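You will see two complexes here that share chain A, one where it goes with chain B and one where it goes with chain C.
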Partner chain A sequence: MTTISEIEAPAAVGAAAPKRRFDLRKVRWWRVAVLGVLGVYFVVPLAASFWFTVYDSHTRTFSLSPYGQIFSAPGFGTSVRMTVEVALLTIVILYALLVPAMIAVHLRLPKLRPVLESLAMVPLVLSPVALVVGIQTVLGWGLNQNPGTPLFQLAVDLQNQNFPLILPIVYVLIALPFAYRSLEAGLRAVDLRTLVEASRGLGASWPVTIWRAVLPNLRTGLLSGAILTLALVFGEYTISSILQFLPFSVWIVQDGQGATSGQLAPAVSLLSLLLSWAVLFLVSFLGGRRAVGRTDRSSS
Partner chain B sequence: MIRLGKKLGAWGAVLPLLGYCAIALGLPVWALLWEGLQRPDPVTQKTTFTLWNLTTSWHGIYLTGLLTSLRLSLLTSVISAVIGLFAAYAIAQSRGRYFKQAILTASGVLANFGGIPLAFCFIATIGTGGVFLSWIQNLWPSFQIDTFNGLAVVYPYFLVPLMVLTTLPALDGLRTQWKEASTNLGGSSWQYWRHIGGPLLLPAALGGFVLCFGSAFAAYATARALTSGTVPLVTMQISSILSGNVIAGAGENNLGMALALNTIIICALMMAVYLPLRKRSAKWLES
Partner chain C sequence: MNATASAAPAKDAALARGVGLELSGLHRSFGAARALDGFDLALAPGELVALLGPSGCGKTTALRIVAGFDQPDRGAVFVDGADLTRLSAAKRDMGMVFQSYSLFPHLTAGQNVSYGPRLRKVPSGERDKQAAELLELVGMAGMQGRYPHQLSGGQQQRVALARALAVRPKVLLLDEPLSALDAKVRLQLRDEIRRIQQEFGITTLFVTHDQEEALSMADRVAVMKDGKLEQCAAPAELYDRPATAFVAEFVGTMNHLVGQIAADRLVRVAGRELAVDGECPAEGTKVKVLIRPEGLDLEPIGDAAATAGLPGEGQILLATFLGATTRLTVRLGDGSEAKADLPSHRAAEFPVGSSVRLLPAPRPVLVVAEG
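Let's turn to the complex of A and B:
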């Protein structure tokens, strides 16, 4: 068992490594205890699901085949394509709304910051079930109109089975808190005012300023927000299952499970979690030196 | 004149976001309110405005569901808030840059991880036929994952990271100089936490707790996959009424809307508690 958790526990290895440098007498034992217990709690389910996916208790053999079967299972391609499209559209809408608004609030309307901040908190506590029930009702109103009227057509288009436009519209709301947080961290790490004034002073228009001066400096925040949104859309089940669409997460539950004695679903869950974490971690290092340095200074 | 133009331009950049949220959030909530307060008459099939749905949703099995949801969220959010606060403090104190960054990104992913994938991982661990089921049942003989206790074990998996995410900025904002000043003036560690650190952290900690509570209360997919409806939670009741699994008589959909309205009222109460706390916390720690 220990070998498995060692293989599966990059986080725990990372946790142990920096501590070895300290003098043993300086180690605060409560800290080690808290982080150790939490490490076990967070790593064990991941390790156990990895074990569950590779070990067949009937034949007592190991195989990585569930991870290969993911890609050949029927329906995998269509559901993944739809989910990726939905996720991309979500990210585009989200940033088209959020980036200008946050830049404007940072530069000109600081009084609106609490409003934006609380708006970005609402989706965290709002039950997706309640939200989706309301949306279903609104769509139902549209379908109750006479066929041929624009409202009816809009309601039909929003629920197109091949590309349900309603999903990105709702996911923008759900992803708002995480994207807001990532962008806010990015905006705090750069001196936005100086950047913009320099660019404007040299004669660049607003779109050019944002595209060539502001956005490149925000790329870490933008990228991590986008990855979190992608992970969220891939894992989201409540809304799409109640609205009866078949994106990746719903497909896994409905069709994916029967094929491989239940090993497929945990395999996919594990893979998506570790992948999004690894990518996020890498991104935070590739562009995030400045942000990290800043945190260190303020805490020391 | 130029100032005014600048302000107008800034408003033009903010308004699309506000408008989007007003429509995408406001319209569904309005729909719930509208339909939740109506009920078709069983005989004449004429819909009238009534409080019947709401009063029904506060009695009988629906009251049980609401109370079970509240009990589960309160229990798990208290546990997660306390553990998460200690964890965040331990992380804020650590100097390993990679370690800190790894934990922060992992928290971001894990706070998002609630739902189906999480349920699968726990089913593989301590569900029926899970790798660790016999081990945990040695310690806790009555343990089953599809019960209230099972959910209480699983929920902190996404609540603790949420707590870490929300309180870490405040803990990072506690300056070492304050601690040093307190020590130089002869204050003990207890006095520092009692009079300086504690009051500064309290708003952020309570805010994180409120967010955990709201998030636990709103959770649906995890509970659905783990228990398939054996624990009466309000979110499960809503979905089973609306999918027609429950025979609640005429106007059952409207009853579902009223239940959803209840969760929105609770969410609004949460925000009403959270926002003032957030404001107080921001005043000191972000200047």
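Let's turn to the complex of A and C:
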């Protein structure tokens, strides 16, 4: 019986780096100035919005009541639910299309990578207004078919007010560049070929390989792409407004304006902004932890 | 550590012992580049064969075809007599250790080892037990919970070996698994891989560009050139009786001394006549005579004789101490250099700058016509 008795020293995990002492004299003041200007640029509008939501200029009193009214505001729950559902379906369709295509291009057709990248970037230069006008025309053409025909029914289903399927289809296009970049960064950070071959060699089918070996290692890219898509869907106004649906962004403008002297809409906006930041911070934090893990490995 | 008792069940359960592997007439091209050009190789059950050759000779392509990661344009792969050429990699029951660290980064060492058994629906308890035993076998006992980024390169390759063994592979494929490791770990791990391979009696194909690694680990070494097999032989035979000039030059250090064919299968070199092994050009042809450093002896001569520049005479240029032997580099009269390995106690007789005469050992030599 043989065992390996001598083992080389394990990698120094989390080896402590020498601590830097904070020295005020070494602070570069121009950096502080730039950061200060940027801070003012971002903070002033938000602070003004917050001030608007909590200060009643007529009674000259402060109140957080607009924030309390958010969840009971008519239409809030419906619009948020619809937006979340649309966003989730958008993410599912997006990844169902992108993940296999990008894995195939990375493994089998690397020469096609620039082509795929160019295609994925096209929506960046696509005007939402032009896009929605085209979609309206197509949907209108569908509705002009004889009732009962598949095309007519399809046009009706796509514009279902409770769950407008047309929105995730359009949002997939708009979110494509962001999801592509996030996934591409994730794919470049792993040795995809070796992961796939190791898994296949151990007996895993292609679906199992993607599910158990590839996707877990792309989780940061997948998560950041999903968060960007979610934020995009929550903030998109033009398309859903022109198509006359009432997701969250349209609700804020149309219905949210009515309550409490218009203080509800900015209160909702601020709250959603803070939530988005919290999620983005979480993604960055997870990405940072992964990066530290990789650094440890490479150092060994 | 009493590893014998605990690892024995893993050994019994883990592997299907000794199957034959045959690569028959493999052809593979990538565009205009021909990676394999009628490559044939047969491995006996339980044998470790190293594929050795220069970069681009097709050794990794051959291994990938055996693993099922690539398909040959022509030819076939047989395992235990069954044709696996078109079988998916997932169904071949082979274990592979890659050059790059291939552990799944999101899984612990134990989960990596259990990956294959889990796919084969081995119950959880049995999987964990087997993983622990295999990790112990490769010297990683108690490290089931470590993630790959918490392991050194050598440790990762040990886990990769355990993971490959866990699927009871019919054939073990090693794709330069030691090349990314530092010298000390490489030496340590190669001995261990060899010992484990012999214990399990698992048929193993091992790709390497490191001659020393190939010669020290393998039962036989298959030297490849331009997608073809040049020679497949036991290390000693490959070194002492290379079948072709390429093998002779590629494996080990080789001197190229100027000589001339004196008669049928007889070459005159450094004032001696030696038998020619292998192909022999016509009488009178000027040739390069291939002689290993250990096949050359030296004798001291007077300075006057050296300046005459007789064949096989020159001056000591450099002495490199190698331990038991010292390699003496001699600059010959024609400007070329020859290397002779002498026992270190004798090398002192030949200080740098002294004049010497080469004395080739009276053994058959390979010759190459000067072109």
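Just so it is clear, the second predicted complex is superposed on the first by the 252 of 300 C-alpha atoms of A that agree within 3 Å, B and C clash if a C-alpha of one lies under 4 Å from a C-alpha of the other, contacts with A are read in each partner's own complex, and residues count from 1 in each chain.
We adopt the following convention: a residue touches a chain if its C-beta (ideal position, glycine included) is under 8 Å from a C-beta of that chain, and two chains touch if they have at least 3 such contacts.
Keep in mind the model is a prediction, meaning the values are calculated, not measured.
> Report for A:165: first if it touches chain B alone, second if chain C alone, otherwise both or neither.
Neither partner.
> Go through the superposed model and pick first if A:190 touches only chain B, second if only chain C, both, or neither.
In the superposition, A:190 contacts chain C only.
> More chain A residues touched by chain B or by chain C?
So, of the two partners, B touches more residues of chain A.
> Go through the superposed model and pick first if A:117 touches only chain B, second if only chain C, both, or neither.
So A:117 only meets chain B here.
> Return first, second, both or neither, reflecting whether A:138 touches chain B, chain C, both chains, or no partner chain.
Only chain B is touched by A:138; chain C is not.
> Let me test your reading of the model: by the given contact rule, A:128 touches which partner, first (chain B), second (chain C), both or neither?
Touch status of A:128: first partner only.
> Mind working out whether A:200 is in touch with chain B, chain C, both or neither, as first, second, both or neither?
second
> State whether A:92 touches chain B only (first), chain C only (second), both chains, or neither.
A:92 sits against neither chain B nor chain C.
> When the two structures are overlaid on chain A, which partner does A:156 contact: first (chain B), second (chain C), both, or neither?
neither
> Residue by residue on chain A, keep only those touching chain B in one complex and chain C in the other, then list them.
Touching chain B and chain C on chain A: residues 10-11, 296, 300.
> Spell out the part of chain A that touches chain C in their complex, as residue ranges.
1-11, 13, 190-191, 194-195, 197-205, 208, 212-213, 216-217, 219, 293-294, 296-297, 300
> Provide the residue numbers of chain C that touch chain A in the complex, in ascending order.
1, 3-5, 7-8, 67-69, 88-96, 98, 100-106, 115-116, 119-120, 136-141, 146-156, 158, 163, 167, 184-185, 188-189, 192, 195-196, 199
> Mind pulling up the chain A residues that touch chain B in the complex?
10-11, 14-15, 17-19, 28, 30-31, 34-35, 38, 41-42, 44-46, 48-49, 51-53, 96-98, 100-101, 103-105, 107-109, 112, 114-119, 121-122, 124-131, 133-138, 141, 169-170, 172-173, 176, 178, 181, 206, 224, 228, 231-232, 235-238, 241-242, 249, 252-253, 265-266, 268-270, 272-273, 276-277, 280-281, 284-285, 288, 292, 295-296, 298-300
> Please give the residue numbers of chain B that touch chain A in the complex, ascending.
Residue list for chain B touching chain A: 6-7, 9-11, 13-14, 16-18, 20-21, 24-25, 27-32, 34-35, 83, 86-87, 90-106, 108-110, 112-113, 115-118, 120-126, 130-132, 156-157, 160, 162, 165, 172-173, 175-176, 210-211, 214-215, 217-218, 220-221, 224-225, 235, 238-239, 242-243, 256-257, 260-261, 263-264, 267, 270-271, 274-275, 278-279.
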